[in-house]
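Note that the chains are named A, B, C, D, E and F in the order they appear, and that numbering of residues resets to 1 at the start of each chain.
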Amino acid sequence: MTGIVIREFERAPQDEIDALAGLGVATVHEAQGRTGLLKPYLRPIYPGAAIAGSAVTVSVAPGNNTMIHVAVEVCRPGDVLVVAPTSECRDGYFGELLATSLRQRGVRGLVIDAGCRDVAPLTEMGFPVWSRAVNAQGTVKDTLGDVNLPLVCAGQPVNAGDIVVADDDGVVVVPRARSSAVLASARARLAREEANRARFQRGELGLDIYGMRPRLEAQGLVYYETLSDYHGKA
Amino acid sequence: MTGIVIREFERAPQDEIDALAGLGVATVHEAQGRTGLLKPYLRPIYPGAAIAGSAVTVSVAPGNNTMIHVAVEVCRPGDVLVVAPTSECRDGYFGELLATSLRQRGVRGLVIDAGCRDVAPLTEMGFPVWSRAVNAQGTVKDTLGDVNLPLVCAGQPVNAGDIVVADDDGVVVVPRARSSAVLASARARLAREEANRARFQRGELGLDIYGMRPRLEAQGLVYYETLSDYHGKA
Amino acid sequence: MTGIVIREFERAPQDEIDALAGLGVATVHEAQGRTGLLKPYLRPIYPGAAIAGSAVTVSVAPGNNTMIHVAVEVCRPGDVLVVAPTSECRDGYFGELLATSLRQRGVRGLVIDAGCRDVAPLTEMGFPVWSRAVNAQGTVKDTLGDVNLPLVCAGQPVNAGDIVVADDDGVVVVPRARSSAVLASARARLAREEANRARFQRGELGLDIYGMRPRLEAQGLVYYETLSDYHGKA
Amino acid sequence: MTGIVIREFERAPQDEIDALAGLGVATVHEAQGRTGLLKPYLRPIYPGAAIAGSAVTVSVAPGNNTMIHVAVEVCRPGDVLVVAPTSECRDGYFGELLATSLRQRGVRGLVIDAGCRDVAPLTEMGFPVWSRAVNAQGTVKDTLGDVNLPLVCAGQPVNAGDIVVADDDGVVVVPRARSSAVLASARARLAREEANRARFQRGELGLDIYGMRPRLEAQGLVYYETLSDYHGKA
Amino acid sequence: MTGIVIREFERAPQDEIDALAGLGVATVHEAQGRTGLLKPYLRPIYPGAAIAGSAVTVSVAPGNNTMIHVAVEVCRPGDVLVVAPTSECRDGYFGELLATSLRQRGVRGLVIDAGCRDVAPLTEMGFPVWSRAVNAQGTVKDTLGDVNLPLVCAGQPVNAGDIVVADDDGVVVVPRARSSAVLASARARLAREEANRARFQRGELGLDIYGMRPRLEAQGLVYYETLSDYHGKA
Amino acid sequence: MTGIVIREFERAPQDEIDALAGLGVATVHEAQGRTGLLKPYLRPIYPGAAIAGSAVTVSVAPGNNTMIHVAVEVCRPGDVLVVAPTSECRDGYFGELLATSLRQRGVRGLVIDAGCRDVAPLTEMGFPVWSRAVNAQGTVKDTLGDVNLPLVCAGQPVNAGDIVVADDDGVVVVPRARSSAVLASARARLAREEANRARFQRGELGLDIYGMRPRLEAQGLVYYETLSDYHGKA
């Protein structure tokens, strides 16, 4: 069941991937029907990074990063590595040398449902990582896993070639075949938000912008001037 | 039991509130008898913010931010929104648009026993949030809650009009009626600390500054020159 | 069993300690056979600090920082305070005044398996702390503990005089007597890494640099061009 | 702020309290508008207990059970002890001897937002405890707290004399003054459930019993015979 | 994206499903190449249950069990309900009445990545549940989800018709199409284990039964008679 | 650093070990000065077991139980296996076959800072295990560790030959050389407790039995008849 490497997979158009990076994780998540969000325990090792790329999926044994080295060879510019251990493990699978290697390949970042180390040099070189933990305890190299088979990372199924979008809010995965549709939906959503932002900036309320008042009234929302009024009537 | 909004409540004097902001959460917590601290899992989304304001309390259903929109309308300049879900939920209830709306109202920040998203734009606009999680998964709008009823947020009872003080150390709540007393106590405490700081800076020890030696001796504290001495006598 | 203070203990040569600070926690941990790492839940209160020093160990009761004050008196320049509560407690045992006191003594930082407060002033004064939590709730002063007896901090045994190395990746402890050997081993490791880094920067793969291919083949690693190829053969 | 003991408080009628014990925590929680539930991390130390009683509230310092001893003296038959530490602590504050003492007083059980020990003898003597942890580490006796002041236990405000109901599902608190109303509401709810149970046992569906179909249709629920049908239309 | 119900799906042969129930979760997990295990935080509400069945998958909104009622209607004898919330939620989605309804349909149990309540009556009626939490806080009925679409439950992808096996060790999912192969593999594994068990019972060691000694020697395992011997040579 | 097996070590007298088993973890922990308790997250897989034995220590790689097999060979009747992974891992390292093997050797139980599986058969055969998790995911066999070197298990240092005492309250370790002293101290403590229990059973209060009243008064404990009295005076 392990020890499988798939070298090739289809990627979404690079311009669509790049466009998704600028839209933000929260917007993309909403735009695809509130699906695809990895669990929020994945956090960036430094603030401010915002990337998107094609997923290269890597399944690793606990405490063992052999398959990350194997995966480097099949990465292409614009990819993002997505690593999940076969059982929960917070070891520091990844550090500066692997980042150097991935950067040479044009890889944009790492998403790992485990630990990362070398946080200071990674920050300095600007290689972004979203991880479950920071952990100086590294890994050994002696157990197989898989590259580019489907896996579950932080609660979400990810296939090689799916688009990973990551920023300070977390990580979302977009199925490869849906990239155009999600991009269009996200842009439409942003446009609506832009219009709404202008209204919010003018001081209008969400209650009015979203037309919430009638529904709230129908649901039985009641206003009292003071707490005493409420207690008096309750 | 839900669907109640209280529009008005009494607020502490604004100058007292503002003065508390500068004193720090740790000092205020000590000054009111070591009470009122919200659980330390609430963390600021960016470092360096330090605010105080009158609490507008919002009780929300899991996954549902309807009542935050309702609450905006009753906020005044100098308020701080305090949001607690009726059952544990780490969804991202709050983002940039609501922050824009609150800022228009003069609201100083948000304390939420749940998740927050849009961390990067919130940081850029300088709207501070103390939350339990960062989570790109937003919420929907269809279930009622309450505004300005008493609630428990991160382990502390909060009433509308109580004073919320928040900084890098966390969040503390001061009952409205006690603001003057707590402010006086905090200032006295800071003055003592200032005097002590000077002594610490001169190299004096807490053992002497706080007069701890006699009590320690009475409790049986024993000094040995070396570990061997101790083992020899033990 | 408590109320013991050991005033003196042997320290490693200061130049060796200083040299370890520059090598990084991850490297030191590897260099001493992947031992000595404190649990990764200890996190720095601000990024970028990197220190090493001789451990002064402090065992404290839950909610009680008496013994930290006691410990200050036996600290020397170059020391690092290592504090562990006798049962789990995340109270804020440590703040600005104690840091001021320790700095006067030349202490380089604090490692505490509990909480810390005054994060903003500690950051401003540049006194680094690695803690389990940030917590504005302070402690009281009335229960004894021990200073410079052996203890376990965040999962690792620490003796007074052991060398503590801490940076953004976490905290590792080096037994005093092994400082020379670990330093030599860490330097050798860094030299190898330096050579490898150059190769990674030229685009060589870890698979080749570490000679992994034959072993992977022996373990049964199989490459397929596409997922379809794999499914066709599986 | 600490060191206060209130000897007397009003209790709800004993027959109402006893009646609530038989209704179950889930029912009582629903019956009072889904309020008052303590956080579900409180678990019984053995299965099968189901009690109700008047709360005697005890605030304790971390690692210190002095005030539980103080509280015993003010307990009466039918009471339940509700203990909360002033900062998070999982020490084993309570064991067999205190249970023996409480049983002599007619106390029905303990709810503690901390640890409990002597699980085997407590199980044998049938003294029920709902706790956050089982922990053999006991506490010492040297710091004051309060008895019968209002406190927050596991996220819920509790006042002396409030009614605590606890069973395998957890712990719920009913404000003293609401006991009659909640009891009536809970009984009505149980009667409805009894009727519904009979319908469920006959094979009727909740969709019909609760009249959910029209609303679901209005919300847009769509049925497909097979996944292929759905994909064909989607 | 939500509000979809798929009525029909293919099920594995009932005799294969029933056979898997008797083999145990650990064995089935090994037999399918160490895949398919749900996260171990899912625990049975009472010990001793061991079931298998065809998955009916239910995606629910946080705090909302509408779709469980919808799912009951499409269940058949031998099914197991698999419920996952769209964001983390530990509310008590499920209790005695739903269990009564499901039992009428011949459903064998529930696996839920959330909370369950009515533990005592569920235990009495022998309806097994594997849940993330026990929580008396129930849910409301007003938000759509999906039935029998693919989902991720406790870290594993589950499709309608997949086989769910659950016992005191946890929960594993077997893809429907692999039931025969996994059953055969599990039986072969059990036969080998049976033979090994006899050898273990005679006192033979795993070192010999599994032929581990040569490999251990090759890896460099070294035996010393005493710790002193080791320190003398190290 | 790994791959070391120490075959022989000194054990405490068997009668002392056996006597400690009957005294209970809480008593032994108190009797040795409140030291030696393993973290309370270790829980028994079934209630009611109470054992003591000489520790055989096993350090294992994450996801790898090779060294447990190695350790079996050096176990003697009356021993208890103490297993700790080199980095956090909750895999199910241990199950029925290893228990069968250990039972043949006269081993009394297992303490493991990781996961255990085969809970139902282990319960049936009455082989007690204290573990951090129940997890059907087993381990593989390919990485070395150590046997009978000192290690830290669940926060406590353990040496081969130390005495492990475990019951429903948790696990405590007694240094081998202190067994007589701890046994004597524990018996004296139990005798005192026995006397106290009789007094508690007669209705005397801890306040009087432990002579707490004068100290409480000195610390400033104040009694009020009612909450109104307190508010009136405060």
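One rule holds in what follows: a residue touches a chain if its C-beta (ideal position, glycine included) is under 8 Å from a C-beta of that chain, and two chains touch if they have at least 3 such contacts.
Keep in mind that this is a model prediction, so the values were computed, not measured.
Asker: Trace the shortest chain of touching neighbours from subunit B to subunit F and give its length in steps.
Answerer: The fewest steps needed to get from subunit B to subunit F is 2.
Asker: Can you tell me the C-alpha superposition angle of subunit B onto subunit C, nearest 5°?
Answerer: To bring subunit B onto subunit C, one rotates by 120 degrees.
Asker: Looking at chain pairs A-F and A-E, which one is connected by more C-beta pairs in contact?
Answerer: The greater number of contacts lies at A-F.
Asker: Compute the distance, rounded to whole Å, between the mean C-alpha positions of subunit A and subunit C.
Answerer: 30
Asker: Using mean CA coordinates as chain centres, what's the subunit C-subunit E distance in Å?
Answerer: 39
Asker: In subunit A, what residues contact two or more other chains?
Answerer: In subunit A, the residues touching two or more other chains are 34, 86, 88, 90, 135, 137, 142.
Asker: So which chains actually touch one another? I want all the pairs, not just one.
Answerer: By the stated definition, chains touch in these pairs: A-B, A-C, A-E, A-F, B-C, B-D, B-E, C-D, C-F, D-E, D-F, E-F.
Asker: Which residues of subunit A touch subunit F in their complex?
Answerer: So the residues of subunit A touching subunit F come out as 61-64, 86-91, 135, 137, 140, 142-143.
Asker: Can you tell me which positions in subunit E touch subunit A when the two form their complex?
Answerer: 1-2, 32-35, 39, 86, 88, 152, 155-157
Asker: Quick one: which bits of subunit F touch subunit D in the complex? Just the residue numbers, please.
Answerer: Against subunit D, the touching part of subunit F is residues 24-26, 29-30, 34, 37, 40, 43, 47-48, 50, 167-170, 172, 193, 196-197, 200-203, 205-207, 210, 212, 215-216, 219-227, 229-230.
Asker: Sort out for me which residues of subunit E touch subunit D in the complex.
Answerer: Interface residues on the subunit E side: 3-9, 46, 66, 69-70, 72-73, 90, 92, 95-98, 100-101, 104-105, 115, 117-120, 123, 133-138, 141-142, 144, 148-149, 160.
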